[in-house]
Structure formats: structure tokens, C-alpha cells
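Attaching a single structure in C-alpha cells format; questions to follow.
Read from first to last, the chains carry the letters A, B, C and D; within each, the first residue is number 1.
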Amino acid sequence: MKREIPLFVCVVSALAMIIAYYSPKLDWMDDMLQKWFLIIAVFAFILGAISIILVNGNRISKQVPGWGYNVVLLIGLFVTLGLGIFGGIDPKTPFFYIFTYIFTPLSATMFSLLAFFIASAAFRAFKAKTWEATLLLIAAFIVMLGRVPLGELMWSWLPVLKHYSLNNLVENWIMGCFNTAGQRAILLGASVGLISISLKILLGIERPYMGGE
Amino acid sequence: MGIGYIIGIWLAGFLTIAIFTFLYKDNPVYKFAEHLYVGVSAGYIMAIDYNNILKPNLFGNIAIAYDSTVNKGVFDLAAWSYLFAGVLGVMLILRVIPKVSWVSRWPLAFMVGLGAGLNIPVTMDATILAQLNSTLCSVWLPNDPGTMVFNILLLIGVCTGLIYFYFSIEHKGIFIGGASRVGIAVLMISFGAAFGYTVMARISLLVGRFLFFRDEWWPTLDIIMKSIGIS
Amino acid sequence: MLEKLANLDRRIIFLFVGLAVLIPIIFPLGLPNAVSQPVQNIYDFVETIPEGSLVFISFDYGPSTKIECEPMALAVTKQLFRRNIKVVGWALWPEGASMARNVFDVTGKEYNKKYGVDYINLGYKAGGSITIKEIGEDIRSTFPQDVDNISIDKYSVMDGVKNYKNFKLGVSVSAGVPGLREYIVVANSIFGVPIAGGCTAVSAPEMYPYLNSKQMVGLMGGLKGAAEYETLMNYVGDASKGMDAQSIAHLLIVLFVIMSNIIFFMQKKK
Amino acid sequence: MLNRLLVLIIFAFWAMPAWAQEAAEETAKDVRWFNPDRLPNVIGVLLIGFFVFWYIIHAQSGKKLFIRRIAGLNAIDEAVGRATEMGKSVMYITGLADVDDIQTLASLSILGHVAKKTAEYESNLLVPCCRSVVMTTAQEVCKEAYLRAGRPENFKRENVRYLTDDQFGFVAGVDGIMVREKPAANFYMGTFYAESLILAETGNATGAIQIAGTASSSQLPFFVAACDYTLIGEELYAASAYLSGEPKQVGSLKGQDVGKALILAAIIISTIIITFFPQTHEFIKNTIFKS
């Protein structure tokens, strides 16, 4: 009973989505079930919040070294959540202030760390160690040059090669041809895999909701 | 340009630098910013989803249903049906009570099933058929050798790339082995190209942070200096 | 010595990257920008749209990607306003609504356009692909009100607008999901509205298959795409300025890669 | 009795809104039961579905099927083993997407395998999650894996924890865990966006052995550059079959291969036809493979 019903629910909801896709008459089902999904996901936040409180509360109550940071985390969570729920999320609310001056700079800065990491990754990984790595290196190298005005300037100093447009080589041949072909092969292969896993879920062979058995 | 604005800009500036210090090494300032960020962002997303999803889709619909049932005497089933989603949501939370935690598998099964069901036909359309469609082209265009070479290379790239993903055949021999080697070569070129293409985007993010200091933080200095009488 | 260079402390690389970006921002160089075909295509397409038509812009980005996306949105909106095309803006990202506000405030003032007559900001709607589909069925039930919660019936720009059929072009300036890809898959494939777009440079390679299969009009990839559009529009905006910093930082990374390979080969010889 | 009642309730879940909508949508625009434009789609799904299904049945007859080596998956046990030797933790990230994303589900089944290994080796497993529902599911998966390894008492529920739904907030939190707990093996499996490189580079700086797997094609270059092993695209989806070695699962892989063969055949045959008869191009594009 504890096993059959979830399988049943899973199969019915999957079939409902598939049928809704092909049948204009049942199209509404698709929208509605997806809205249900969103609603359930919001309820799941309660579980998320419980997890946060348990993990951090535990460290605070045990006074693990650095427990002060966990206090900061919990204050951040509750103040933001409380303001958002009771004070609204429109511009000029305190919630929006937190969004503008705490959330935004933090996420933009975290994101911008990539500028540094992409350089260190390139330094380490782009070495002509094997023939595969050499291809990776050459493609990256040419595209990097082609993406900036200065690269084009440098290209025009090269003998012979300067007669071919670097921009055309990069945009048309490397990005348009090789990159498209590679991406397409990955997409096509992955889609077949995706359909196969979805079918296995539908057939009850994969049951992640049951604990992976 | 009130005091709130200036405090906000300075707070943003402090947090920006706090995150940057992570590049040197982990330190208390970063730890503070990190924990604040995790807490605030969790609260932020929860509040946004509460306001944008739960309020209109669940409470909104139930209010409509209640209103039409009580005031107009019409039983609005479509709106009432959203109550089910609420019930499933509550079932999910029940997992914190060990005795009945098994009921949380129902909404989980619902969500997993939904994803599986949605993905089958959508992937077929948006990926397999669409990509297949755009791969189709003539490979004999004597009047336009450039396009012809392009089409042939693209075709070879897609086919060999796909052969690389074969699992049930050993990648040996001239045909399969050779094709899968060409396939991995195409994949590597595409990875390299995508990496190189992305470098720029990443740099521009950093430009954005520096522009913040130039265009927003720096001018607040003027305001502060003026307000305390130095100019 | 070689060992040391091969295992160069990443923090030295970080320092160089930081300086390479910082210095050009303080002392701009003004390097030229060559326009690529996918960007030119958008510009040309907009030039063929008759005056007074409607175009929608979906603001699918947030503050974290504003630096890349806003210059694109600004440049396209400027061109639309210059050609007297009416613009309807909305957002699939929560923060997109205020991004749209920024863009319309700046461009509306510059081209003397009136809110509600020449352009409108419908605000944010959750749901991604579902919302894109809903707009195709009935835009009025998706966005009954504008961003300030005023009924759209009060604005002349929305007169008779029902769904995608009323739009000559859709532009999605997107930093991820939901965004440009969803517009291609739903708005273009199902409803047939031409879609052009801008995306962050990182997602650009992923969009090339769609460009190649002509499922979209054109593409602006990252700050470079934005800078190229600024070149087409004949002005120097934030994107063009940012490109200087990028050129230097790019060059630096290229130098690092060359250096690491020289070290690698020297080590191998030993 | 109770069983039947429950089944009835579930039917009511779907049936009631159906009645409701039926009543509310009298003015529906499109009342066809089937959209003929979707015929190529149905045929495609049925074909791939048929072969996957057929080989699943076929595989159960006991005939051993060959699977090629997937280096990234072979390395999983080695990575967990190394972490155990060093007395350090193993960290597993299921990606940023929710449970309706198939990559997340594929990742969860690999997590089951990794959790079983950490249970056997008695090493510590950390699973920071970006989605509450995924956390819930991951807890189930890990609990089950520890139970099957015979060490249910070693499972620490608080190690499978939720951080935040925000992309970079999550990265900040995971980076913090990486530099402080210094896990010796990091797994990144599932859907990733721009954060992939921040995670992989920080992990690399802490000296961890890293195995990634994703079908998000835009992030593959970064994982390939910064991780020790990377499962590319479909290899991620093949993982649960490869690791479990169960006949049913292995059979589905064979079915997938036939699916790909169909696509290859479609591409090659159509290209030949189009090349010789260019006038058929539009027909093939807009009718046979209409998407």
C-alpha cells in the first residue's frame, strides 16, 4: 500500500501530462498540474526552512566554534522572510531595500568571481597534453582572439592568415559549424537518454520518490 | 539621495569587498557575508514565491471559490481544485512526523511523474525533431562550395558525435572506433569554443562590479563631504 | 623555477585579472567594434518593421546580469523608439519588472515617448513557458494590469491587442531560464511570432543551433553583442566602454594560456 | 477496504478538476482530442519507447549485454575510497534544478550508489541541496542506501541539508563548506548553470578529486576543464544503468542506442534524399519531421 499508491500517482500524473500535450481538448490539464507543482514546491520551503533551523540551531545550541555566523544566517533568513510576507515585496518596502543593497550586490559579486576563476581554469587546463586537450586549446584560443577588437587587430598582422576574416572563422566556422555540431550531438543523445529515463519512471523501474530503489 | 541610500550603497560596497576577499583566502569577513547571503537569499526566494505563487494560485483561487460558493451560490470546481495542490503540499510536510512520513511520497511521486510526463513529448519536439530538422540540408552544392563544405562538416560532426554516445558497442575498429574518435574531437572543439566564447561574459561581470564603485559608491563620497561641510 | 611557474599561485593570476579590468575602466581606450551578422540581422529586421507597429520586449534578467543585458535592451528600445514603433514590455523574471522600468525611463525620456501611448510596462508574471503560452492565447488574462496595477484597458497602446498576432517581433533579453529559448520553443514554434534576442555570452553558444535553424531572427551575445548594437545605433554606451576592459583581460588570459603551454613544453623537454 | 477508498480518493484528485474544467470551458477554442500536427512527435516517442521497452523485456531473459567503459563512473568508487583513506568527507551536489528535471532524477540515482559506497566505507557524506523537494528526496535515497548497506545507524539526516534556492547564495554556501570541511571527493551531477566553474575551481583549489556529470551543454566545457572526470550529456543518463548492472536497466541502454540509430538513419537517409531531390526538402522538414 505504501508502495503501490505512489507508483500509481506517478504514472497517472505522467500520463496526464503526456496526453495533455497531444490533445488540445485536455490542454488545460497541463497548465493546472504545473501550477499544482509550483504550489507544492512552495510548501516544500517549510521543509527547507526546518532543515536550515535544525542545522544552524544545532550549531548554535552546541556553541560550535563560529556559531555566531549561524546566528547571522538565521537572522538574515527570518528578517527577510518576515518582511517579505508581512510587509510586501513592492519597491519602497524594507524588503526591497534588502533586495537592492544586500541581495543584489552579494549575488552580482559572487557571480563576478567567475572572471577570476575562468582565468585560473584556463591557465591550468589549456595545455596541449593530449590530442583532445590540444583541440580544446586551439578552439578556445582562436575564439578568445576573435571575440575582442584587439584580437582582430593582432590577426591582421599575421602573414597569409590575415586574408581570411577572423570574425568569419570564429562566428561561422568554429561557432556555427563545429560548436553547433557538438552541441547538437549532445542534445540529441541526451534527449534519447532523457526519454528513456522518463519511460523507466513511468514503468516504475526507476522510483526516486521511493528512495532510489 | 537620503541617508538610507548612502547607508545602502556603503553596505553594498562592504559586502562586495567581503566576497572578493575569498579570492585571497577564507576569512571571517567572507564567512560573515556568506552566512548572511545564504540566509537572506533563502528568505528572499521564499518570500517572493509566497507572494507570486502561493498567494495568487492557492489563496487567490480558494478565495474565488469561496466567494462564488457562498455569495453567488455557484460551486466553482475549477478554483476549488487548487485546494488539492494545497493538500498535497501539506502531505509533503507531513514527512517530519515519522509515523506518517510515508504519505510524503505521494506528492513526491506526483512531482516526479509530472516531470517525466512533461519531458517526454516536449523533448521530442523541442530537441529531437527540431534539431534533426535543422541538420537536414543538401550536401551537394557545386555552385556554393563554402556552404557545401559547411553542410558536410556539420553532418559529419553531428553523426560522429552521436556515435560517441553509443554504449552497447565497443568503440573499436575503423568504422565505430574511428567515428567515435572524430566524435570526441568535435565535442572537444565545441567545448573549447564555448569556453573561449564565455570568457568575455565573465569579465563583463567584473566590469559591472567595478562600475558600481565608480558610478554609485564614489558619488556618495561627494554627498557625504558636502553634508559635513568639506567640498 | 619552472615548477614554480607551472604551479603558479592562482592568487597571482587573480591579481592580474583584477588589474586588467580596473585600469581600462579608469583610462578608457576606445577600441573599435566590428559588427557580426546575427546582430546586424536584428537591426535590419527592426528597420523593416512599419512605423506604429507593436513589438514586445521580455525582460528576463536580473541585477546580477544587468551589466550584460541592460545595454542590449537599451540599444534595441532606442532603435524601436527612433522608428516610432510601440513597445510592450514584460518580465518572466521577478526582478525584470524593475529592469524594464530603468530601460523605459531612460529611453522614453530621450525619445520623448509617452507611457501608455508609445510604450507600456506590464510587470512580472511567474510561470515561465506556461506564461509564454498563456500570452499566446490571451494577453489580457495574463496581464490584466500593468506594473503599477492599473488596468491595461486605460492605455491606448494596448487597444485591440489580443495575443502574439498583434506583434511584429518579440525580443527576449534573457540571462537564463525562462528566457530566449522558451520564447523560441513556445512563442515562435507554436504561435509563429518572429523572435530576436539577446543573451549573456555564456548561453550564446547554446543558442547557435536555433540561430542556425532560423528559429530566431538574430542574436546579441553578451557585452560584445550589445557593443555592436551600440555601434549600429551610433553611440558609445556602457557596453562599448566595458569592451575595452574585456579586450585587455582577454589578452591577458590568452597570454596566460601561451605561457602555461611554453612552460609545459619546456618541462617535457627536461 | 482502506485500499479501495484511497484509490477512489486519488481518482477524485484528477477527476474532479476534470469535471470542473469541462463545465467552465464550454467556450474552449480547440476541442479536438488530438492535434494532428503532433503526429511525428507521437510516432517518435512510440518508436523510441518501443525499443527501450522491448530491450528491457529482452534483457530479462538473462542474455548478457555489453556496455562500453565510462571512465567517470568507474572513478566513483576510487574517489570515495580515497576520501575514506584520507579520513575526509565526500560531497555530492545534485544540481540546481528541481525534481521535475530528469537530470536531477538521474543524479539522485547516482547518489544512491555513492551513498551505498560511503555507507560501506563508513565515510562521511555531505549533500547540500538547492531545492527543498530535492533535499527531501535525497534524504530518502541516502537513508535507503544506508539501510541496504546494513548501516542505517550511520546515516546522518542533517548531512543532507537545504541551503537556499538562490543560485549564487547556494554557491557561496557550498564554497564555504568546501574550504572548511575540505571534502576529498566532490561530485557534481545534474543540471548546472553559471555556478559550475565557481564550484569546480574552488573544489580544485582544496585538492579534491572531482567528478562531474551534466547534460547542460553550456556548462560541460567548464567541468571538462576543471574536473578530473566528466560525464558528458547522455552518459549522465546512462549512469544508473551502468552502475546498477541490473538487466532491466542495461536493456534500456540498448534501447537508447537503437533510438540513436534511428535518429542517425533519419539524418543520413533524409540527407541523401534531399541532396538528390532538393524539392523534397520542405516536405521532409515540415511534414515528416515537423516539430
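Basically, a residue touches a chain if its C-beta (ideal position, glycine included) is under 8 Å from a C-beta of that chain, and two chains touch if they have at least 3 such contacts.
These numbers come from a predicted model, not from an experiment.
> Which is the least count of steps on a path of touching chains running from subunit B to subunit D?
1
> Could you tell me which two chains share the largest number of C-beta contact pairs?
A-B
> Let me have the rounded angstrom distance from the C-alpha centre of subunit A over to the C-alpha centre of subunit D, please.
14
> Report the inter-centroid distance (CA atoms only) between subunit A and subunit B in whole Å.
It comes to 4 Å between the two C-alpha centres.
> Averaged over CA atoms, how far is the centre of subunit A from the centre of subunit C? Could you give it in whole Å?
19
> Rounded to the nearest whole Å, what is the centre-to-centre distance of subunit C and subunit D, using the mean of the C-alpha atoms as each centre?
30
> Quick one: which residues in subunit A touch 2 or more of the other chains?
Where subunit A meets two or more other chains at a single residue, that happens at 5, 9, 12, 16, 21-22, 32, 34-35, 37-38, 40-41, 44-48, 52, 99-100, 103-104, 106-108, 110-111, 113-118, 120, 122, 124, 126, 136-137, 140-141, 144, 147-148, 175-176, 179-180, 183-184, 186-190, 192, 194-195, 197-199, 201, 208-210.
> Multi-chain contacts in subunit D: which residues touch at least two other chains?
Those would be 17, 21, 38, 41, 45, 98-100, 102, 105, 133, 136-137, 140, 162-163, 165-166, 168-169, 172, 194, 217-218, 220, 222, 224-225, 232-234, 238, 253, 256, 260, 263, 291.
> Which subunit C residues sit where two or more other chains touch them?
In subunit C, 10, 14, 17-18, 21, 64-66, 126, 189, 200, 202, 205-206, 209, 212, 224, 246, 249-250, 253 touch at least two other chains.
> What pattern do the touching chains form: line, ring, star, complete or other?
Shape of the chain contacts: complete, all pairs touching.
> Under the stated contact criterion, what part of subunit A meets subunit C in this complex?
Against subunit C, the touching part of subunit A is residues 31, 34-35, 38, 91, 99-100, 104, 107-108, 111, 115-116, 118-120, 122-124, 126-129, 137, 140-141, 144-145, 147-153, 167, 171, 175-176, 179-180, 183-184, 187.
> Given the complex with subunit B, which residues does subunit D contribute to the contact?
Residues 13, 16-17, 19-21, 23-24, 38, 40-41, 44-45, 65-68, 70, 98-102, 105, 133, 136-137, 140, 162-166, 168-170, 172-173, 175-176, 179-180, 217-218, 220-222, 224-225, 232-235, 238, 242, 253-254, 256-257, 260, 263-264, 266-268, 270-271, 274-275, 278, 281, 284-285, 289-291.
> Under the stated contact criterion, what part of subunit B meets subunit D in this complex?
19, 22, 25-26, 31, 33-35, 37-42, 44-46, 76-78, 80-81, 84, 92, 95, 104-105, 108, 111-112, 114-116, 118-121, 124-126, 128-130, 132-133, 135-140, 155, 158-159, 162-163, 165-171, 187, 191-192, 194-195, 198
> Spell out the residues on subunit C that touch subunit D in their complex, using ranges where they run on.
10, 64, 137, 176-177, 189, 200, 202-203, 205-206
> Considering only the defined contacts, which subunit C positions touch subunit A in the complex?
Within the complex, subunit C touches subunit A at residues 8, 10, 13-14, 16-18, 21, 31-34, 36-38, 62-66, 95, 98, 126-127, 130, 133-134, 205-206, 208-209, 212, 224, 243, 246-254, 256-257, 259-261, 264-265.
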